[in-house]
Each structure stands twice: as structure tokens, then as C-alpha cells.
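This structure is in C-alpha cells; I'll ask about it shortly.
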Amino acid sequence: MILDVRNIQTFYGESQALHGVTLQLEAGETVCILGRNGAGKSTTLKSIMGLTPPRSGEVIYDGKPVQGWPAHRIARAGIGYVPEDRRIFPGLTVRDNLDVAAYQRKGSTARWTVDGILKKYEMLGERAGQDGATLSGGQQQMLAVARSLMIQPRLLLLDEPNEGLAPVIVQQIGELIDDLSQTTTILFTDQSVRFALKHAQRAYILEKGQVVHEASSDELRTDQATQDRFLSVA
Amino acid sequence: MSNPVLTITSLTKRFGGVTAVSDINLEVMPRETIAIIGPNGAGKTTFYNMVSGRMLPTEGKIMLDGKDITGLPPHKISRLGVSRSFQLNNIFPEMTVQENVEVVLSAYHGHSRKLFNIASRNTGIQQEAVEFLERLGIDSLKEQRAEVISYGDKRLLEIAMVLATQPKLVLLDEPTAGMTPDETRRTTRLIKKLADSGDYTFMITEHDMDVVFNLADRILVMHRGEKLFAGTPEEVKNHPEVRVAYLGEEDDEAVEEANP
Amino acid sequence: MKNKVLMAILAVVIAGLIAVPWIASYFYVFIFTEILVLGLFAASFNLIFGYTGMLSFGHAAFFGIGSYATALVLIHLQWSFLACLLVSMGASALLALVIGFLSVRLNEVYFAMLTLAFGMMVFAIAYQWRSLTNGSDGLAGFTLGSFGLGLDLTLGNPLVYYHVVLGIVVIASIVLYLICRSSFGMILKAIRQNPERVSFAGLNVRTYRLVAFIIAGTFAGLAGGLMAPFLRVASPELLHWSMSAEPILMAILGGTGYFLGPFIGSAAFVLLETWITTYTESWMLVLGIILAMMVIFFRKGLLGTAIDWWMEVKK
Amino acid sequence: MKKTHIKNFLVAMTATAALGTASTGYAEDPIRIGGLYILSGSAATYGEFAQKGIDLAVDEINDSGGILGRQIEMIYEDTQGKASVAIQAARKLVYSEGADALVGLDSSGVAQGMVPTMPELQKPLIITHAATPDVTGKLCNPFTYRISVNVAQNMKAAAMVAAETDATNWTTIGPDYAFGHQSWEFFGNYLKEINPDVNLMSETNFPRFGAEDFTPFIDRVMDSDAEGVLISVWGGDLVNFIRQANNRGFFEQDLELMFTVGAATEVLTALGDEMPEGVHLSTRYWYEAYDNDINDRFVKSYIDAYGNPPSYNAEGAYAAIYAYKQAMEAAGNTDGPAVAKALSGMSMEAPNGTVTFRKGDNQAMVSPNWGISGPMHAEHGIRTLTSLQIFDGEKVARTIDETGCKL
Amino acid sequence: MSGIGAALLNSLDIGLLLFIIAVGLNIVFGVLNIINFAHGALYMLGAYLAFTLINIAGMPFWAALLLAPIGVAILAVIIDRVLLRFIYSRDVADSLLLTFAILLIINESVRMIWGSGIHVVQPPDLLSGSVRLLGSSVATYSLFVIAIGLLLLAGLWYLFNRTRIGRIMRAAALDRDMAEALCINTRLVVTGVFAFGAWLAAVGGVMAAPMRALDPGMGDKIIIESFIVVVIGGLGSFPGALLGAIILGLIHGFGGRYLPEVNLLLPFVGMALVLLFKPHGIMGKGATA
């Protein structure tokens, strides 16, 4: 098991966002967290990442409890994170956005390098010298994912990778996830059931800061009642 | 047939090239509860901010009781009778619960301009403040400093403060966000009671569909800044487009059609 | 009950202050005059800082203007002292209206910087307008005539002057206190804690900030008017930004959350300075360390810490 | 800087514990003299040098039995060059520390603010440095004396020196306060009297006291038609000024430069050979100008003790302590008004000759020294003064009528 | 006319010295969001350390220029770890007050260690004297200050735009959480940036030492000047610091020269006008770090 999240409770000040979330990921899996907005999907990822440290519960990564670690230490342990709003550093070029994140764990070889990424993803390579903030939404999303690869992640957290993107871009992002999932464990959040079920093997459904349902993609795809109950307006 | 409290015509807000709210038309009738819902990025918050005066609309008109309030500053809109709560706690942390309501009441009654009265001896306002606390069921906390009461109670206190300005229209922004399930049920019950009392007109946003269907007489569904649909809870539940908006586009064909 | 204890303590303190010339050495008459005047200055500052939440770095402008106004009136017109003080208050109120009108819309750092700029502008004017202000030497050589109201007081006598200052500071403090306790004062506190909420309660926050700024400026002007005859000189350093820092230090030292905090701070400041400088010149070092401790650990100041401690003990 | 007197500290603490009672001197108590000098900021060396002069006098007197059998104890306060601080400090010295008499004051601005409060304190003050004519003029009072040269005396001498030069267009660079402005005013008036043909330029330069950058003012003078410049900048400012002027090539211009306090050894020491040669320098006391036993002894013991020659400020402060010794012994006690009365009209021997406090205005009749900067002194590491002129203090002084003093 | 040339050079000289000092203040604000009132005191400390190294330890000026700023930077690390860490999460007013306390402590310590009197540092022989330029005589040292100022300007530009460490600083300033999630130890960056700001202040101090007499009040004067610079240019803006410094340099150079009657007033009028019409400064915050 690469990630074991046990009953975490997270607060923003006094406002409780997570009321005990529990979920597990096996190495190599691609898993999606579904839920309406405000359900606590982003907070779950941020809590794993150490950006909103959980007040109680455990986050066990690779056999080690990492809750309470500063985020950069968690990142160095191999968890990559792509936030909801991408958060490209404005004023820094595409290349510099990647370069800032370049990190290599001791004893490992760097699978991802700036040049390697710029070569592999042509769309970024063509714009290497451009200010990251001037990219389109889809390009920024590509860059954000690519940037998270620079820390050589073993587990990738993607927060709503499709939000606000045009359908054609959504498709590209889906392909990117499929591609990365060959080599990396991925946990992503989404509001769109269709997209999630297509690219993930398993899904958790969150409501009001709790996991209310867990199923394989195949099960969920045919389970209209659950979809309506937790994800749509019903 | 009475006149609408709030009439919104072709309200639009653009940030640079992005249209956050596009051409919304809406009438809110007295004493009804209308809910605004929609998936992430639907433009609800922007819509709220324009109605309460925090943001200037790019186009369109907002009329309150037949009076144009478009683009007025928040304190003027508030004076005219639109009162709002916030997603994040918005109270005076270092004052007592009762004083929190007193601040709003003295603003409402114009006592705030008095330099030489003694605020703590203003029994009229104090009584009134307690009444509002009673209405929200938190009068037992009146002596406590507001920062030490529970999160749920703080949200209720905020609603008490919102009501204290005797508004024509009450805007509640995610009133149960961050609450425990118990607090959510209690708050929903309270709002329901207030709505049923017939004294208030509510406009609420909320992600919790239980809360929405419990409270709303009418629902406006927004999607990508536009009005997707407006109708009764039953109509909304059965509307196919709403389902799509929430669950996502169906298949790849749609994508390919859009991009031949 | 609690109020009665408080009133009794206050009565004892005021009685003690009245009796200072008889129970302490002559020197302490000067020390306590200074404490009272600076205390009023700091209390006026705290109306905008502790109550309304605006950190001004130019409050000395009003203090200094008050001093210059009194000095100028005494030199050129020889009016009664009471008239001088009224002129001081009027002049500083007017200045506060202008500076406040331009400044209160800015927040935090920008407000601090703009008030600093305006304060130093007033300083520069006083420094360079030699024909009116006698430049950097300041205005000196004025003498107090009558008090006004037909009272026969020998104001040149430091003992008499001390009691006059005590009387005026007590009256001014009562007025300030009433303002703090009023509905208006409550709104100011609310503005510090959450300005946006106040504006959604239907009030124009800027107007309230401005009125608070003018009131604070006016009382600072009164304090300045009391300071000039005490120092016997009105000079540009009374307008300098380092003078603006003094009420900030005093308010924080005493406790910004309490009406009497700045007075306690003023007393602690002046007495510590007097005592510490008796055996070391490094008073500023001690002050720096105290201030750092206050900001980091005792944000409630001497008074707040003492009250918290007392509550703890009572439990 | 200030000596820490443990005893002082104990006295202060016991005093504060009970909010003190006024310490009225017992016979065995030392005589306390309060010193008010600038001990911080760019002019702090002046306070330092004055303290050195005073300490010398106090040690000499204490070693030889003190005054009226009592030892002298000095207590210093920093005026910071600000009148309000000085007045507060004087009150502290008199009412809290029990000072019997006061010496000091560097800045003219401070002196103007301070002097009117002296009758209130009822203690004598001997000014040892501040030079504004007003304190022994229109602001004079029976408690205020000055043992050093004032602006009027020095500027009359300056005008006489200036009249000997070929320059007709004169301007000034001086600190923007009483001293700078009054120096120019008196200089101009006296110079016009001697030579009505001179032109006093309307473009004058008064940089702020403590300013860091004098170059704009230096440039203004270099661009103007000035042929002669009266420079009354002093202290740390003068050090800055000279260095910046050097950098600007100011001294390579064909200008008659008159530094009204340029031969202060504080400044000469700090500058070394950066002080240009061939400019007119003045001082209120030049240590090599007087050939008498007291001066020989003073200069020798000063150099022995501190390693550099005494400044005028040290000399004035040194002499002031001796003035108090003589006055207190004449009065027979340390009572403020009595000592003040004894000072009036008193004559004494000082390093710069016989010094008399003129009865009508309490100004000492002491002599300004003017000279031209010469080669470096072999031992002292400072410029020497050549063509030294000693102007008779009484002759260059204003008449009592002119001073406006009514005692 | 030579007057204008001289005033211009003088403005540049003042302006670039102010730039060296104020840019440190601005970088610290940009990344840490604190206004460092003690920045002037660190400048003064640089000058005094240089005085000690040159006049007491007998080192050459160049050695002092290298060593004194490093000493001040080390002190800054201690200040950051011992005091400032308490207030990073508080509002800006608290940082103003705490750094004001630090200013008092440093000022008084300098007074205790070095005394209240003035101290003088000689420029290195290579840079003493003057040359003729633009029709007037200019101190060689002024040209040196201008040169170092431009060198640092180029160096800073290179650091922020061309080096990884500079980009990391910018990234941490722009979005601390995101930087953390990308393996950047932002706590370390904060300490480093504070020390770097102090280093710049101290470089300014060493540069100023041979031009200005040292006294314990020199830091108080420069901090107000620095405030004016950063407010005019824009708090947190790197190009803003340059613009503000040049503007203030011109105000001093030309104001002192042509409007001496109101020269004290002018910088504050400039500062107030900018705050009134462009409260976030001419270059604003966040354009680049």
C-alpha cells in the first residue's frame, strides 16, 4: 500500500472541512475522489500534502506516518501535487517554472528533467521561454502537471485537473493521466463522473467531509442511484 | 399580487476576457426563499457580490423594491435593506455575543453617531439584541466572547446580525458550510422556521442538497456564469440538463462534434 | 461591585496625583507633569490605534501643532492660557481633518506610511519656515499670563502648573472615556475587529475612521498645548517621527485594549527612563528589549497582563 | 561615556523607592556640578572633549582639597542638541540630583531655549561653548554666564580678517539654526561697517544641522560669483563637509574661505591632512596661542592624559570649573543666587589669560583666535595654525547697550 | 551648464547608494511581507564593522567590503531565528513594531560598543581624489559608488532572472504553499532572504562609510529615506526600488541645489503624492519579486 489515510479531520480555523476521511491506494493504482463542491475533495489532497495539516488521524505514505511534516518534506518523500487553480508562478517562464521544482532524491536517478519534459510535451517545449502566466488554461494545466513531475513523484495528487477547461483539452488531460498512470500512482479529484470513471480504476465519493461511498469504476458506472444521490441534484 | 423585492435584469460581470456572470435575469418575490446552486465556477459568489455591492456589475441592473441599487457601495445597499452573511466567519471576535448584535442594531437605529451616550446602558437596544439571539436560539451565550463560542453558533450569531438590520432581502452564503451534520440539521431547522414565519425573504447558496431542497421555494441553477434553469425543487430534480451540468459531459462524440 | 472597586482605585490614584507635590520630591512634579501630558497624548493616539485599528506614524504632527499654536499665541497675542489651548485644539483638529481626509482610506502599511509622510511634511515646514517658527531652534522665551475664566493662578510656578495640567488632563480623559464608551466608540471597536462587517451593517467606515482621527488629533493638540509651557519651548523635534513613535510605545507598553493602558504606559515609560538613565545611558536598549517582549509575548501590555494575572489568581 | 556612579545609583534607587525627598546638601556631601553637553549624534565629540577638560579640573581641585573643603562631583546629562531635552535634563540635575551649579551647552539653539528657564532653577549656569549673542544679550539673566567667545566677538574679528582679503563678493555656508544665521548676520554687518563696498550675496546656504550630504550646497557656491565664503558648519558636519568639498575640488577654487570654528581640535584630529592648507581657521582658544603658566600646565596635563591637544571646548569647560571654585569660595557657600552674584564681574586666571565676566551682561571678555592652516604638526597629527592673530576680547565685544541686556 | 551635470551626478551617486539599501528592504517585504524598521540599523552596523576592520584591525577597505556585510548577514540569521519567527504569521503592524524594537536595541548597542562620537573611514587610496567630468569635478569615490550600484543592479537582475536560487526566492514570494509542495523549504528561503536583505543594507553601510561620518543616528536617517524610496517605487517591487531611489536621488541632488528653502519637504511631498494617487507605488507590488 503506498498511501493509507486514516480518519483524518481537518479544519480551517474552526470550520471543519473533513469529518474523518479514510482511503487507501495501492501502488500503481489510479483512483478518483468524486463529490460536489464543498464536499472536501481539495481539502483531502491538501491534507495529504501537509498544506492543511489534519488535526487528527493519520496519513501513512510508504509505511511512514507523514502527517505533521512540513509540505516540502512530504514532497521530497515523493508526493507530487497539482492544485485546483494550477498556481503557475507568474513572471517565470515555462522553463523556469519547471526548473524551480527540479529535485532529486538521494540515490535515485532523475526520471524527469527539464529538457526531457520540454521534449516530450511539445506544447510546452514550443513555449519554453514564454511567461507561464500568459499560457491558456489547458496549457497551464499541462505545465502544472509537468512541474509536479519535476520532483520525481511516486504518487501524484491532481486536484480537479479539468476544471474550467474546454472539452478538447479535457480529452488531452485524460490522455496525459492515462500515460502517467503507466508509471506513477495517481489520486485525482473531479466533479465529472464520466471523466473519472473513464480514467480511474476506483472511486471514492465524498460528501460533507466524509467518504460516503467507495466502488470500482465499473460498479459505479451502472449505479445511477448512487450517482444521483451523491453527485447530482436529487 | 405583490411586487417583487428584487428585480435583476441582464446582470453581467466580466473579468478581463472571462465572463463570470452572464446575462442573469431574476425576480425575487416577498417572503419566498430562493436558492442559487450550480457546480464549481458557476458564478454564484460573483453574483452575490454584485447584489450586495461588493463588486460592480459590468452590465445590467439591480432593483430593490423598485429602486435602482446597481453599483452602490455596500453600506448604502445595506441601509436600503439588503443584508448578507459570509462564507467565512464575519463577526466581531473580541466582543460579547450580545454586543455583536448591538453593533448592528445601533448602526441600524442611528445610535452609532452618538458620541456621548453610554453604549452599555442602552437598554432598548440590549433588549432588542437579546430578542434576535432568542430567535436563533443562542441567547444563552450572550455574555460569552464571540471568539470562544462554537463554529456553528458563530454562524447563527451572524444570521442574527444579518436579521437585526430588518432587511427586505437576506442573502445567506453557504449557511451550513463547515458545520457538523448535527449543526447543519439544527441550522436548517432554524432557517426554515424563520422563513415560515413570513417575516423574511431569503436568497441562499448552498452545496448541501438536503439543505437546499428543505428550504427553497424556488431554485436558480447557474452553470458557467449563465442561468441554466429556474424552477421549483421538483422541476430542478428532474431536469436533464442540470444532471449533465453536475455529472459532466456524456461521451467523446460530443467532444469530437465540437472539434471536427 | 466591580465598578465600585474600580472607582475607589481611581479615586485613590487621583488623590495621590493631587498630592504628588507634598509626598514626593520637587523633581517629581516635573516627572508627573510629563507623564500626564504624554499620557493624554498616548490616550488620544490609542483612540485610533487600539480602538479603531489604525497605526498612525504621524500623530506627533498634531501634538507639535498644538505646541506651536500655544507658543505662537503666547508670543504674539498673549491671550489667556485657556484661549491658547482652544487655539491648539482648533489648529490640530483642522490639520487632522485634512490629513485624515486624505489618509483614512488607505489600510495598514500604506496608512502608516502616508501618515508618516504627512507628519514629516509638517516637521519639514516647521524646520524650514524660519520667519514663523524660528526654524530648528524652535520658539522659546514665551511666558504664561493668566489662565482665563477669571482664575487667579500663577502659572509660572511649576506646582500650580502641575495642578492645572492634572485638572485639564482629567477632564479631557473623562471626555475621551465617554467617547470610547459610547455607541460611536463601540462602532470604532467593531471597525478594528472587522471593518467589512461594519460596512455591511450600513455604516460608512471611512467616515467613522475620519471622525476618530479628528478627535484623536484634537486631543493630541491639547496635549501639545500643555507641553509647550512645560518645556518652555516649541521645537521641531516635537513634530518628528520619533515623537510619533512615543505614543505607540506607550500604548503598547500599557496595553492598547484598555482605556487606561496608555496612561500606565506613559508612566512606565517616563519613570523607567528617569530611573534607568540615572545609572546607565542605555535606556533605549532596555526599552528595545521590553518592547520586543511586549510585542512577542505580552501583546496586551502591562495593564492587560496584570488583569489576566489577577483573574487567574482569583480563580 | 558617562561614568557610572554606584553611589548615584544607590541614592537614586532609594530616592525612587519613596519617591524621594529633595537632597539638600550636608556639609560633608560633595559639591555637585551638572554638565549639559551633546553626548550623542554627530556633535558628540564636543561633549566628550568638554568632559575631558572638566575631569582634568575636577581632579586637580579635588586633589588639592576641593572647594570649601568639599569634593566636587560631576553629573552629566545628554542634551542631544535639543532645547526641550536640555531643559528637562537641567531640571533633573537640579531637582533630582541636587546639582549646585551647571556648566555646558554646545548648541546656540539649545542655549536660547534653556537660558530663560534659569531663574526658575535658581542655580548658576556657565555656558562653555554655545555662542549665540542673545544669551548674554536680550535673553540675559543673573544666573547665566558665558566663559567662551560669542558670535558677535568672533564675527567682529572675522570681519577684520575678511577686510584684509581681496574678496568683495561674500556668501556663507552655515548650519540651519541660530548659530549659522546669526554668524552670517553679524559678520555681514561688521564687514559692511569696515568696508561698505563689499557685496553680501543674497544666495546663502543653510544645510540642515546633521545633514549628510553637503554637495548640493558646495556646488551652489562653486557655481556662484562668490569670492569669499564664511563657513560656520561645525562638529561632525564640518568633517563631512570638508571631505565632500575635497572630493568636489572646492579647495582648488580661488576662494577666500573662513571657517568660524575650523580650528576646533576635535575636527582637526578627525580630519588629519584632509583639512586643506591655506584657509582661514578660527577657534575660541588655540592651545599654542597663550604663553603663561596656567596654559602650559593645562596643555601638558591634557596631552599627558588624553594624547591629543585640548580643544577650545575643553579649555572653556576646564576654566568654568575653576570659575565656580573661585566664586563659591568668594561667596563662602554653594547657595545658587550667592554664587551667581559672586560670578558677576569676577576676574580669574585661565589658560587663555585673565578672564572677566562683564558685569552688565555676564559675558566673559575672552579673545577669538584666527589663523591660517599650515603644515601638519609633527607630534599632534593635526594642522598647525600660522599667522595667528589674537583679538582682544573686550575690543571685539559689543557694548552693553548694543547687547540689549538689562540686568 | 556645469551645475546641472554636477547635480545629476550627485543625484545618481545618492540614488544608487539608496538603491543598494532600499532594494534589500523591498526584497524582504516582497518575500516575507514584513517591513523591516531595523534595516537602517543593519546599514549602520555594516558601516561600523567596516570602521573596525579598517581602522582598528588595519584591513584594507576591500576586505571590509567583503567581510562586514557577511557579519551583518549572520546577525540577521540570528534575529530571524530568535525574534522574527514569532511574528511571521501576524499582521504587518506587529512586524513594524518588533523591528522597531530591534532598531532600538541595535542603535544602543552600537552606542555602547563604539561610543557616541563620530568615526571616520578613509576611502582606499585608489578611490580618493577627484576627476573632471561633465564640466565639474567629481569625487572618484562617487563614481565608484555609482559603479558598484550599477553592478549590484545587474547582479540582482541576474540573480532573480537567471539563477535557480533567485527563481526559488521569487516562487516562494509569489506562492508559498505551492513552493512548499514543490520541495522548496520556504522557511529556509525566508531566513535566507532576510539575511540577504541585511547583507545588502550592510553593503550600503560599508559603501557609505568613506563618504559620511559614522554616528549612532545614521541608521535612523537612512531608514526614513529607504521608506520613501520603496513607497515611491512600490513596496516589494525590485525595479520599483531603482526607480524610487533615482527619484529620491534627483529630489536630493536638484532640490538641495536649486530649492534649498524647501528641500526637506520635497521627499515627503513626493511620498505623499504617490501614496495618494498610486497607493501601491509607481511599480506596484508583485510585478516581479
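Going by the order they are written in, the chains are A, B, C, D and E; count residues from 1 in each one.
One rule holds for everything that comes next: contacts are C-beta pairs under 8 Å (C-beta built on N, C-alpha and C of every residue); 3 or more make two chains touch, one makes a residue touch a chain.
According to UniProt, the chain labels map to these proteins: A, B = ABC transporter ATP-binding protein; C, E = Branched-chain amino acid ABC transporter permease; D = ABC transporter substrate-binding protein.
Note that this is a predicted model, so its numbers are computed, not measured.
Colleague: Starting at chain A, how many touching-chain steps does it take at least to reach chain C?
Modeller: 2
Colleague: Averaged over CA atoms, how far is the centre of chain A from the centre of chain D? Could you give it in whole Å?
Modeller: Averaging C-alpha atoms per chain gives centres 77 Å apart.
Colleague: Give, as an integer number of Å, the spacing between the C-alpha centres of chain E and chain C.
Modeller: 33
Colleague: When the centre of a chain is set as the mean of its C-alpha atoms, what distance in Å lies between chain A and chain E?
Modeller: Distance between chain centres, rounded to whole Å: 42 Å.
Colleague: Using the average of all C-alpha atoms in each chain as its centre, how far is it in Å between chain C and chain D?
Modeller: Comparing mean C-alpha positions, chain D is 36 Å from chain C.
Colleague: Give me the residue numbers in chain E that touch at least two other chains, ranges are fine.
Modeller: In chain E, the residues touching two or more other chains are 111, 263-264.
Colleague: Two or more other chains in contact with one residue: find those residues in chain D.
Modeller: Answer for chain D, listing residues that touch two or more other chains: 1, 39, 78, 208.
Colleague: All pairs of touching chains?
Modeller: A-B, A-E, B-C, C-D, C-E, D-E
Colleague: Using the touch rule from the top, collect the residues of chain E that touch chain C in their complex.
Modeller: Residues 35, 83, 86-87, 91-94, 96-98, 100-105, 107-109, 111-112, 220, 224, 227-228, 231, 235, 261-265, 268-269, 271-272, 275-276, 279-280.
Colleague: For the complex, give me every residue of chain B touching chain C.
Modeller: Contacts found on chain B: 52, 73-76, 78-79, 83-84, 90-95, 99, 102-104, 106-108, 111-120, 122, 161, 165.
Colleague: Can you list the residues on chain C that touch chain D in the complex?
Modeller: 23-28, 30, 34, 127-128, 130, 135-138, 140-141, 156, 158, 231-233, 235, 237-238, 271, 274-275, 278-281
Colleague: Please output the residues of chain A touching chain E within their complex, sorted ascending.
Modeller: By the definition above, chain A touches chain E via 49-51, 70-72, 75-76, 80-81, 83, 87, 89-92, 96, 99-103, 147-148, 150-151.
Colleague: Going by the contact rule set out above, which residues of chain D touch chain C in the complex?
Modeller: 1-2, 4-5, 8-9, 12-13, 15-16, 19-23, 39, 78, 82-85, 87-88, 91-92, 95-96, 108-109, 112-113, 116-117, 120, 139, 176-178, 181, 208-209
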